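By written order: A, B, C, D and E. Residues from 1 in each chain.
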Amino acid sequence: MVRISLDSVNALFAAIAEREALYIPTDTAPGIAQFKKWQSGMEMTERLKTSRSAKDFFFPQTENLVDFKVSGKKIDIIDPREETEDFVIFGVRACDAKSFEILDRVFLSEPVDTYYQNRRAHGTIVTLACSRPSESCFCQTFGIDPAAPGGDVSAWKREGFLYLEPITEKGRTLLSGLSALLEECPEDAVEAEKESIRGILKKLPLASLTPDAFGGGKTEKYFDSEKWKSLSEACLGCGTCTFVCPTCQCYDIRDFDTGHGVRRFRCWDSCMYSDFTKMASGNPRLTQKERFRQRFMHKLVYYPENNDGIFGCVGCGRCVEKCPISMNIVKVMKTLGEDET
Amino acid sequence: MPISEFKPKIVAFCCNWCSYAGADLAGTNRLNYPADVKIIRVPCSCRVNPIFILRAFQRGADGVILCGCHPGDCHYTTGNYYTRRRMTLLFSMLDYLGIEKERTRVEWVSAAEGAKFAAVMQDFVKTVTELGENKRLEDRRCKKP
Amino acid sequence: MNAETLIPKVGVVTEVRIDTPDIKNFRVVGTDGKKLFVHKPGQCAMISLPGIGEGMFSITSSPTNTEYMEFEIKKCGCLTSWLHKIEAGQEITVRGPYGNGFPVDDAFVGRDLLIIAGGVGLAPVRSVINYCRHFRDRYGKIDIVYGSRTKEDLAFYEEILHEWMSPEEKDVHVHLTIDREEEGWNGHVGFVPNYVKELAFDTDKTVIMCGPPIMIKFTLAGLKELGFDEKQIYTTMELRMKCGVGKCGRCNIGSKYVCKDGPVFRMDELSELPDEY
Amino acid sequence: MQEAMKKRAKELLASGEVTRVIGWKKNEFDYDITPAVFESAEEIDRDFRYDDFCGPNLSKFTFKNQKNDTKTLVFLKPCDTYSMTQLITEHRVNRDALYLIGIPCFGKIDIEKIRADGTDGILSIASEGADVTVKTLYGDKTYVKADVMAERCLACKSKYHTIYDELMGEEGEVMETGRFNEVEKLEAMTPDERFGFWRGELSRCIRCNACRNACPACTCESCVFDNPDTGISQKAAADSFEENMFHIIRAFHVAGRCTDCGECSRVCPQHIPLHLLNRKFIRDIDKLYGEYQAGEEVGQRSPLVNFTTDDAEPDIVRKGGK
Amino acid sequence: MQKIGVFVCHCGTNIAGTVDVKAVAEALSHEPGVVFAADYPYMCSESGQNLIKDAIREHGLTGVVICSCSPRMHETTFRKAAASAGLNSYMVEIANIREQCSWIHKDMKTATEKAVILGRAAIAKVALNTPLTASETPVTKRALVIGGGIAGIQTALDIADAGFEVDIVEKEPTIGGKMAQIDKTFPTLDCAACILTPKMVDCAQNEKIHIYAYSEVESVKGFVGNFTVGIKKKARYVDETKCTGCGLCTEKCPMKKTPNLFNLGLDTRSAIYIPFAQAVPKVATIDADYCNMLKNGRCGVCSKVCTAGAIDYHQQDEHIEEKYGAIVVATGFNPIKLDNFDEYAYAQSPDVVTSLELERLMNAAGPNGGTLLRPSDKTHPHTIVFVQCVGSRDTSGCGKPYCSKICCMYTAKHAMLIRDKYPDTEVYVFYIDVRTPGKNFDEFYRRAVEEYGVHYIKGMVGKVMPQKNGKLLVRASDLLAGEQLKIEADMVVLAAAIEPDKTARSLATMLTASMDTNDFFTEAHPKLRPVESPTAGIFLSGVCQGPKDIPETVAQASAAAAKVIGLLVKDKLKSNPCIAHANETLCNGCSSCERVCPYGAITYVDKEFRMPDRTTKIRRVASVNAAVCQGCGACTVACPSGAMDLSGFSNQQIMAEVDAICR
C-alpha cells in the first residue's frame, strides 16, 4: 500500500495525465458531478456519486459502429474506429466498479463486443472507498463492500492522505509508474477507515434490504404478480433510471444519413420506452406495466438466472435519487418481497 | 476560412404565390443576386416548420431566409400572420441560445417585387458571409469529410 | 462467426423473384460471387439497407445450396417496403448467421417429420425441408402441411409443385390448404389447425411449426388433442430478434434470449417461459 | 390539510360520488413522493400524503390514468390547476369524469437543493413553518425553508386555482415574484455568453425524456422525436445539435401552452434549467402579443394559433427591439 | 427503387447560355434513383414533351424532374405530358434553373453548380412524391355578381345568355353604377344613359338574372363550385314586390332637403326617393337618416299616398343565404376624397368641382337640367380650368401612385363639350402628360385642341384661391413656356384619381381573394389570367381589378363571364389534391390546427382506437374536408405531434429538399 498527501493529489493527477488520459469526477453544476477529462486545476468532487454512472467509459451513450458509403447500387463499409488510447478513471465507487463486471458478462460473452472490449482493455480503474455513504445506497444488499472498493487500484481518503492499493496487474503498472510521488505505508493503514465505513453501512436506512427473495428461477413467482400494476402506475416511461443506471446495457442500433454517407451508431435505449420492443410484427410489451416489469425482472431474476446468481443491480441508489416520481428497485424489492416474509 | 473565400449556404423558403413569383420576376428582369441562395418552394410561408429551419442549419446551411406575402396579402388570407408570430418567437429563442440572430430572417416580398427580392438576397448573403460559417447550430456528423 | 459481430458484410442481390403479391424472394451472394457464410437450417441473418435500417430474416435456402443464400421477405414495414423496391444488382449488407437453428443433425435424425407452416412462415422451415430432402436417407417420412389465405399467397408454390410433390420424391407428402374456396383450386380448403386435425397424423413424429401466432396457438392445441407431446414440437421465434447477438436487451422472453437461446425452441421450453410472446 | 383531504376523499369515496382518488403517497424516504391512485379508504389511511414534498404535478398523472366510465377525484395545487385547465382546453382530459379539489400550496422543498449543499445520508426530514429540519447520518441540520424551496416555488406565479369543483383552504392570488429575472439576466448577456451558458447546460442532457414525459403539455399520442416517420426522431443526442434541436422544438411545441409549472426542471436528473426556455417564450409572448397565461381559463386561444394584423415583425429580434 | 428521369431544358440559349446543360444532366444522372437523364433545346415543345413521354414509357419512370423555367410557367404542361404517358401527374417536379439560375447568374461555372443543386433538390423531393388524385366536387350552376355597375351588368347578361342563373348584389338601391351618373362617353360622345339603361332593363327582364339591389354580401363560405354566400338585403321600408315606381310618394314627401347622392349632393331630393328615372329596380327607398316617420314616428305621408300599400316602416334587414358555383367581383370605384389637396380649395369653394360632379352638372337629369352653371351663383362660367392628375401618379403619399387612366380622355370630352355648347367659355387644361392610347382616343384629343381650341398647358397648378369677386385665382406654371401663370377662372374642375370602392377590402377578406397595396384585386396572372383572382372560383370584372374605361370594362366583364361560363358548364370540378391530411393515430385532437385553418376545413370526430393493452378508447381526432382545404399548410406547423401533413409538400419532402441543398 502507498499513500500521498491530499495536498499533492494534483501532482499525482498531473503525473497520470502525462502518460494517459485521466478522468476524475468533478462538479459541473450545483449538485451535479460528472467524470471529466482532467486538466490542470480541476478539483475532484466532494460528492459521493456522479449523476451518471461510469459505464460511459466502456459503453458510451452513443457510439459510431460503422460507416457506409452508398453510390448507386454499391455499398462500401468503413470501420470508423481509431486506436483507443489508454485511460485511467479515478474515483470510481465500489458500486460502479462492480457494474463493470456485470457489463462484462454481457459484452464480453460470445460473441464478444469488440467496441466494449477495446475500451475495457485500455481503461484502468482506480476506485475510491465511500467514506460517507448516502441514505440511497444499498450496495451491501448485493454483497458489495464500499470499504474495499476493488478496481485495478483501490483508494481511500483518510486524515489528509490518499491511500492506494493495487489490486490487479494493471493497477500495479499504473502505480509503479508513479512511485516517485508515492510513499510506502503499512498494509493496515486504512483498516480504521474500513471499520468506520462498515460501521456507517450498518446504520444506513436500506441496510436491511436483502435480495434473498429474488434470483434465478423466480420468474414464475413474480411475473404475474398483481403488484406490478400499482408499482408501475406512476411510471412516466422516461429513461432516467436506465440512463443513470450503471448496469443497464440495452441499446438500439440506428442509421443516420449524414448527407454524404450513412453512419450506423449504437445508442443507449431504455426498456421503459414505449417503442423499445416495437417491431414490424407488433410489440410484445404493450403497456408500461410490462415494460416496468421487464426492467426489474431483468435485474432481479433473469440476469442472475443467466449469470451464476449475480444480480443485475449494484445498489448505487442513483435511480432512487433521480426517479421523477420516486419509484425504484428498492420499492419493487420491498413490495414484491413482502410475500416472502 | 478567409471571408473572401467563404461561400455561405443559404436556404430560402419562398411562398409560391408571392415571393417565389417575386424571385421569378427578379429572374425575368435579370436582377442578379448571389448563387449561394437556393430557393425551396412552399405553398405558403406558414408551411415552414421551425424544424425545417433547424434541419437546414444541421445540414450545413449558414443562413435561412423565409419569404412570404406581405401581411394582409396572404393567398390563404392569414397564413403569413402565423408565420410572423412563429418565426419571431423562434428567432428570439435562437438568439436567446446565443445563436447569431443575423442568420435567420423573414422578408415579405410580393410577386411584383422582383427588385426587392434580389436586394433582400444580396443583403442577406452579405450579412451571412460576414458572419462566416455556422458553427453554433451545425451537426458535426454532417460535415463533409 | 464474424469477428466483428456488428459490422456487416456486403451482399449482392443477384435475383429478385416475386413469389406472392406481398412476398419476394431474394438471392444473395457476397461481392466475390460466393456464399457469404455457412449456416444451419433455421438460422437468421441481419439484412440492412444503409440509411433505412436493419432487419432480421431467416435464411430460407438450405445449407446444402452451396451457391447462394435466399431470403423470403414479406412486405410489412419500412425496411421490407424498401427491400421490395430493389432490383437485381443492388448491394445490401448482411451479418450473421444468428440463432441456434433446428436440430437437423441430431434430434431430427431418424425421425418422421411433420412440418406445419402458414403464410410466410414457410420461409424458415423450407430450409429444413430442403435440407432433409437433400439428406433424404437420414430421416423418416416427411409430411408437410402448408396453408395460406389464397392460392396466390402460397409461397414457393412452383417449388412445392414441381419438386416437393414430384413423383420422384421419396416419401414426402405435401398437404396444401387455403383459407377460402376459390376458382381453380381443387385442393383442400380450411385453416391449417383444422386441417392438421383432419389429417390425424400418428403421434410418432417430430413436429416443426412456423406461422402466425394464432395458427401456432390453435395448431398446438390440435396436436395435443391428437396426442402429441410438447417435447415433440419445435417452433421458431425469429420475429423477436433485434440485434442478433443477445446484448441489446429486447429479445428476451423471461430469462431466455431468442437471439442466443433461440430462435428455435421446443414447445415445452417455451411453455415454461412467461407469456410475453 | 392532509387530514382534511383524507377525510374529504374518504367521504366522496363512501358516497359513491367518486370511485378513484388521485393524490400523492410517500415512498422510501420522507422526501420521496409518488403520485398514486387510491381506490379505498384503507389505501388512503395507509398511504395518502400531502406535505411540502408533494411536488409532482397530478395533472399529467391524471391524463395518463384517465378512466372515462367512472369519476375520479383529483387534488390539485394551484399550479396543477393551470395544467389541468390547459388539458381540458385541448380536449386531452374528460372534465366530466373528474372531480377536482383545489388545495393550497405553501411552496415545495427541493431535496436536490439540500443535497447540493453537501447534506447526505438523510434519515429524516421535516418541514414546519419556516424551518426545515434534516437528520442525517453525519449530523443534523436546519434550513430556512425559503433557502431550500424549489426555484419554481420561489418564483411562484399564482396561488390561485383556475379550475375546481371544490376548494379546500383559502383561495390565493396571482403573484408577481420575478419569475422572469433569470430570463432577463440571460437576455442581458452577450450572445457568446448565452451560447456558453446554454452549451454548458444542455451538454449535460442525457435524453432520458423525463422533461417531456413529466410535462403536462407534452401529451402527444406520439412525440415527433419518437416517430421515425418524422425524419427527426432521436433516441440519443448524438451531436450537440440534437441537444439543441430537441429542447428548442420541445419548447416551441409547448409555447403558448406551457403553464410554467416547472415539472421539466424538477425532474431533470441533470439539473438543466429547462424552465428558462419555456419562460423565454412566455416572456416574449407577453411582451409582443400581450400578457397571456396558459391554463387560465378553459377555451383560451393560444397566442401561436392567433394573430393580430399589426403584430411585431420578426426583424424585431435582429434589430434588438425587444 | 425509384426510377427517376431528369430532363434538362436549354430553353434555347435562355438556360444553355449560362448553364452547361450537358454537365447538369451528367451530374444529375448519378443521383440516387436516377435512371435516365437527358437535355433538350425546348422541353416544353411538342418534341421535348415526346422525349419525356417516351422516356417514361421506355424506362418505366416513377418520377420526373424537369430542369427548366419556373414551375409557374410550365408545371401544368409537364404534368399533362406525364399523365398522357401514364405517370401520375404529381410525380413531376420542376427545378427552376431559368428564372432562379441562368437568368440571374453570369458565370457559367457558378450557374451550372447551382443548377445541379436545384436539380438535386427536385430529385430528392420527387423521390418522396406520392401519386395524387384530384377529388371531384359538384358545381352549383349559379353565379353571383357583386356590384351592379356596367361591369356587373355586362357579366350578368353574358352569363345569363349562356343559360345560367346569375344574381347581382348591388349595395345601392339601383343598378347602373357610375356609368349611370355619366353624361356622355368618349370618344363617341354617345349619351351614357342611352346605351346603359337598355342593358339595365335587360337585366331586370332576364329570367335568369335576379337583382338584389340595396343589398350587401355578408359572408362567403365554401370554395370553387360550392360557395355559400350570405346576403343582407337592407331595409328599404318599401315592399319591392308592391311598389310600382309611380313616384307619387317622392312628390308628396315633405322632407325635400335631403342631399341627392345620385347628383353627388349638388342638389336635394325627398327622403323617400327613386335615384333616377330609369332606376332598376324602379322602386322607392326611404332614406332612414332623413325620414321623419322613421326618426320620430311623425309624418307617414308616403304611406298615406301609396295606393299600392308598399310602404312598410317596420321592414327589417333581411338575411339570405344562397349557393353559387362562381363569384364575380365588380365592385367598381369612387373618386378619392380630396382632403389631402387643400391647394385646390375644393372644400372652400363650391365652384371647384370634381369631374364626376361636372358630369352631373352637365347632365340633362342633373341639378341644372343640363345647363352648365356655377354651383355658387348659378351663373354661366366663362373661364374653366381643368386640373389633371389630382391624386393620380402621386408618389408623395397624398394620393395614389398609379395612373387613373380615364381622366385624360374624359377631360378632353368635357372640354370639347363645353367648347361646343358654350363657345364663349375658355377652357384651360393643366396636364402632366396626355395619355391617349385607345382606339380613336388620340384623334379625339387632337380634335379638342385643334378644332375646339381647348388650351392644353403642360404644367402644374400650384394653388387655387377663391377671390372676393367670386372668381377663382389659379396659379400655375407652364412647363413648356417656363413661366408662371395666373388665371382668373369661374370654375375649376379636378380630375380626381379613382380608387377601388371601400367595401372591396372586407369583401376580399371574405372571398380570400388577394389585393394589391392599392386595394385593387390581384389577378391570377397579370398577362395570362387577367380576369381571374388567384382564389379559384372568384373572377374580376371592371375597375375593381385596376383603372379602366368603359370599353375595357365591358370587354373584361365579358371575359369574366366567359370564364364563369367555362366553370359552370362543368358538372364536376377536380380539386387540388395538394392538401392537408391528418394521421389519426398521431392526432391529439387538441384543436390547434382547426384554429389556424382559414377555411374551416378541419372538423373533429370521435373515433374508436384499439389501445396497446387491447382495450378500446374513443379519441377526438381531426379530419380535413378535402374539398374545402386549399393546402396552405398552416395546420401542419400548428400540430405538435406531426399528425398533420401536406400532400405534395410533405414534411419529408421539404426536409429532403433542405438536405439536398445543404449537402
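FYI, a contact is a pair of C-beta atoms (placed from the backbone, for glycine too) under 8 Å apart; a residue touches a chain by one contact, two chains touch by 3 or more.
Keep in mind that what you see is a predicted model, and the values were worked out from it rather than measured.
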Shared interface partners, meaning chains that touch chain B and chain E: A, D
Pair joined by more contacting C-beta pairs (D-E or A-B): D-E
Remotest chain, chain C as reference, centres from CA atoms: E
Innermost chain, taking as reference the mean of every protein Cα atom displayed: B
Chain centre separation in whole Å, for chain E relative to chain C (CA means): 69
Centre-to-centre distance between chain D and chain C (centres being mean Cα positions), rounded to whole Å: 51
Rounded Å distance between chain A and chain D, as computed from the means of their C-alpha atoms: 30
Geometric centre distance via CA averages, chain E-chain A, whole Å: 72
Of all residues in chain B, the ones touching two or more other chains: 50-51, 55, 59-60, 78, 82, 86, 141-142
Numbers and ranges of chain C residues touching at least 2 other chains: 78, 87, 90
Per-residue overlap in chain D, given as positions that touch at least 2 other chains: 224, 230-232, 238, 304-306
Chain E to chain C touching residues, read off their complex: 1-2
In the complex, chain C residues that touch chain A: 1-10, 48, 50-55, 76-80, 87, 89-93, 239-240, 242-243, 245-250, 252-255, 257, 273-274, 276-277
Chain B partner contacts - residues on chain D that touch it in the complex: 186-187, 191-199, 224, 230-232, 238-242, 244-245, 248-249, 251-252, 255, 277, 280-281, 284-285, 288-289, 303-309, 311-318, 322
Chain D residues within the chain A interface of the complex: 27-29, 32-37, 56, 60-61, 64-65, 112-113, 115-116, 118, 120-123, 136-138, 200-201, 204, 206-210, 212-214, 226, 235-238, 263, 266-267, 269-271
List of chain B residues in touch with chain E within their complex: 9, 11, 16-17, 20-21, 23-28, 30-33, 35, 38-44, 46-52, 55-56, 59-61, 69-70, 73-79, 82, 86, 110-112, 118, 142
